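You will see two complexes here that share chain A, one where it goes with chain B and one where it goes with chain C.
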Partner chain A sequence: MAEFLQLVVSGIATGAIYAVAALGFTLMWQAAGVINFAQGEFVMLPAFGMLMCIGVGMPLWLAFLVTCVAAALVLGYAFKRGIADPLIHHGVIPLVIATLGVSIAAKSFVRSGYSAMAQQFPSPFPEGVFHVAGVTVSFADAGTLVIAGAIVLSLQAFLNRTVTGRAMQAVAQNTESARVLGIDVSRMVLYVFVINALLACVAALLITPIYLAKFDMGETIGTKAFFAAIIGGFNQTRGALLGGVLIGVMENVVGYYLSPAYKEGVALVLFLLVILFRPEGILGRREERKV
Partner chain B sequence: MSPAARNIALAIAILALATSAFFLQRSQVYLLSLCCVYVMATMGLNLTMGYAGQMSLGQAAFFGIGAYIDAILTTKLGVSFWVVIPIAAVACFFVGLALGFPALRVQHHYLAFATLGFNVLVYLVMRNEEALTGGTFGISNVPRPYLFTWSLDSERAYFWFTLAALVIVAILMRLLLRSPWGRAFAALRDNPIRAESLGINITAYTLLAFAIGAAYGGVGGVFYAGLVQYVEPSTFYFTTSLMMLLAVILGGSGRFFGPVIGTVIVILLPEVLRSSSSPALQFMQKWYLVAFGVALVVLMVWLPGGLLSIGDRRARKAAA
Partner chain C sequence: MIARAGELLHVDALHKSYGAIRAVDGVSFRVGAGEIVGVIGPNGSGKTTLFNCILGQIGPTSGRVTLAGDDITSMSPLELARRGVGRTFQTLQVFGQLSVRDNLIVAAQEFESTLPRRLFARPDAGLTARADEMIERFRLKPVAQLHAGRLSYGQQKLIDIAMAFMPRPRLVLLDEPCAGVNPSLVETLRELLAELNRVQGGSFVVIEHNMDFIMRLCPHVICMVEGKVLAEGPPQAVQSNRAVLEAYLGN
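The block that comes next holds the complex of A and B.
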């Protein structure tokens, strides 16, 4: 039982990181109709950004802040203006392919320009463990959980309690009505892109110490973020959290009790089950189709 | 060009390609066969994507399933290559049905991620089930087939064999697309809700297109295993699926010859860069994937229909 709880706790911590990446995914889809296939690379690039900042002597917190600013500009503003804006009218597929292009370019850029080897990454949390009710918890897991939880809660508060947040939700629900009501749609969509870039930076800060910085680290994170978003419900912010945690915990449990070799397949199986039996996701609402 | 003239030109081009094998080095003939093999798979992907409008990121998984079926059945059970082809096609068709059924009931981009995840899963099975697949070592000494009593062991003979097979599967694809079924695929790509109101069962048709596309991938895989005579998991990782997808997009999805052009570029370009000795081209070899990704973004922004749509774009400009 103790080992089971152990697995659940560390699974929740990993899952919370998936959830942070999944949140950005969900927001982009809701507000802008953009499915970002480069979501994983949006996590990988800030990881290398921070490494470079650390390389020139910055402490981790400063490197993180600098990377956040850079990410907001490049992965938020420039991505929206350069790729999403011109392609949004052509339907989903050209945009998906363009983001795939971004993903390939980003991966090969880091591999050719920086290194193909996995790089160590400093943890923002102190080493060591503490014990709660017979379960050993590392400071890293606890810290990850606190930060990811705080981000999800404050994002939800921002979306529900502030005027800007509500305006963003209005854009997500019905772009035309939002425009008629005088909401600056383009600005709200820009906010979403910037928030997505910042969430990616946080995910990078939390996951890279565990998985190391490598040019292809985004492949796993990107797919899991998507699966987490679907499993929880694509049109719900809380859904991403539930989906992420579910995947994290199930991966740990399956990896330990069944077969570590098939850990990576867990998210797919959960995803297939959800879309077979509850296609709108566990917390999702049904959506009508438009002609 | 009239259809008859076009067919004659095409036949001449294929004959010229077949004759070229006499003048090329062994390794170059091998590359041509490799193109043929991949075109079978991308042609299937083009049916799924270009004609039925579904994103699939798992074509390499079906390609791999076909290759492994051939490798396992021919080396371990001594089954003939000729029997393996239909087995692989049918197997991939049904796996495609099983995977596409849940994904296609819901929103369409879900298929993209379902196939992506499926590709990872297939890779894991290939890598981990050592008793069956040989694990990371793969399976070597996959035999090449006989055509009646004529051995296809030589590079040239196998190229002709693959080219002939490609022509046959291409003709089958053409017939399928010209049939009422094929028309229905295009109708549901262009406006799914309208197609549904005209009485086309969207889910059934998309599912069918996806499963047939998967079967093409499987057949391509069988020919791949015969060509390389060695299969190992990393060939069939989802990066290969991405490459196949890009080949279709680059050539122009929904155009019959789009995947042919795209695949030739995607397969041959890196080989040309690798084998060259000029420093400029070697520099390109290191950075070509970056350029490729950027080019893809630019292509989408500027020419969403792929390379073969340049003509249309010109025509539209002239008319405007």
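The block that comes next holds the complex of A and C.
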């Protein structure tokens, strides 16, 4: 039992990182109708951004802050203005293809410009473990949970308890109506892009010590975030959380009790089951498209 | 002839063509401050296209729209909202995942403050009292806390209309407020609109197929057929106009 609980706890911690990346994914879809298949690379790039900052002698916390600013500008503002804005009027598919292009470009850029080798990445948390009720918990897992939880809660508070957050929800639920009511839709969408970029930075900070920084690390985290979003419900912010945590826990449980070889397939199996039996996702609503 | 107060909206020779189809074909009319104007006409006569052109949702092919003397032709809905122009749609536009009260607050909050204040302001933007006033007026009090998407069609319609009036607009374009609404609610709606016009002021332009509703609410009626204004005047005169009867019934 203790070992099961242990698997669950560390699974929740890993899942929380997937959830943070998935959260940005669903926000982008809800508010802007953008499916970002470069989401994994949006996590990978900040990881290398932080490595470069550390390379010039910055401490990790400063590297993180500098990277957040850069990500907000490049992955938030520039991505919206340069890629999303010109393509959004042509439907979902051209933009999906463009984000696939961004993903390939980002990987090639990092591989040839930085390194094709996996790089060590410092953990923001101290080494070591502590014990709670017979369960051994690492500081890394606990810290990951605290940070991911705080991020999610403050994002929820922002969306539900501020005037701007409510305007963003309005845009997500009915863009045309929001526009007629005087909400600056373009600005709200920009906020979502910036929030997504910042969430990606947090995910990078938390996951890279585990995965190591590598040009193709985004493939794993990107697909997991995508599956998490679909499993939980693409149009529900809470869905992304549930999907992420579910994948994290199931990966751990399957990896331990069956075989570590199956671990990477867990998200895909869950994804297939959801697509077959509950396509709107566990917490999702069926979408009605206005014609 | 009805005496017109100060003119608020002036639509001047508005055209909207889609290829060879002239959806709006040289429509001109004026709406005075505080006036309620009805727009009737068979399906496909260009009424909604006219609204979309006035509201900047689609750009007119030619023509001019002025609001209190300012040219607002092809202005974005955002700019128009800031100038006090609102609208309702034929279909429901409520935010289903927000509570009724939040729907009303969101409908007016963008007029209240500046960017930094919006980020850190009180979450209700100081609008709860105003929202509750509208909730009371529109008889939505028992459901004020519920998600709007869970309410009946009629209740959502009421929210929809209440939202349009939240920011105290100078001009509201209402597109078929009675569509799909049961007869007793139609009467409630008529009373509410007349009351809002009286206490809150503002000019309304109302597209509607329900003739009884239009006759009793609007002192001035425009009849559109095939993109053109066929007749205009007091409702009784328009209703008994021979050309209007032919357009509706065929000859």
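Note that the second predicted complex is superposed on the first by the 290 of 291 C-alpha atoms of A that agree within 3 Å, B and C clash if a C-alpha of one lies under 4 Å from a C-alpha of the other, contacts with A are read in each partner's own complex, and residues count from 1 in each chain.
Just so we're on the same page, a residue touches a chain if its C-beta (ideal position, glycine included) is under 8 Å from a C-beta of that chain, and two chains touch if they have at least 3 such contacts.
No experiment lies behind these values; they were computed from the predicted model shown.
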- Message: By the touch definition at the top of the document, which applies to A:161: first (chain B), second (chain C), both, or neither?
- Response: second
- Task: Give one of first, second, both or neither to describe whether A:193 is in contact with chain B, with chain C, with both, or with none.
- Result: neither
- Task: Considering only touches as defined above, state whether A:18 meets chain B (first), chain C (second), both or neither.
- Result: neither
- Determine, under the contact definition given at the top, whether A:42 touches first (chain B), second (chain C), both, or neither. neither
- Message: Let me test your reading of the model: by the given contact rule, A:170 touches which partner, first (chain B), second (chain C), both or neither?
- Response: second
- chain A residues touched by each partner, larger count belonging to chain B or chain C: B
- Task: Considering only the touch criterion stated at the top, classify A:93 as touching first (chain B), second (chain C), both, or neither.
- Result: first
- Query: Touching A:83, do we find chain B (first), chain C (second), both, or neither?
  - Reply: first
- Task: Applying the touch criterion given at the start, work out whether A:185 contacts chain B, chain C, both or neither, answering first, second, both or neither.
- Result: second
- Task: Using the superposition described at the top, list the residues of chain A that contact chain B and also contact chain C.
- Result: none
- Task: Going by the contact rule at the top, pick out the chain A residues touching chain C in the complex.
- Result: 161-164, 166-167, 169-170, 173-174, 176-185, 290
- Query: Which bits of chain C are touching chain A when the two form their complex?
  - Reply: 55, 57, 76-78, 81-82, 86-87, 89, 91, 93-98, 102, 105-113, 118-123, 125, 163, 167
- Note on the structure: Listed in rising order, the residues of chain A that touch chain B in the complex are 35, 37, 83, 86-87, 90, 92-98, 100-109, 112, 219, 223, 226-227, 230, 259, 261-262, 264-265, 267-268, 271-272, 275-276, 279, 289, 291
- Could you pull out which chain B residues touch chain A in their complex? 53, 55, 102-103, 105-106, 108-110, 112-114, 116-118, 120-121, 124, 127-128, 193-194, 238, 242, 245-246, 249, 286-287, 289-290, 292-297, 299-301, 304
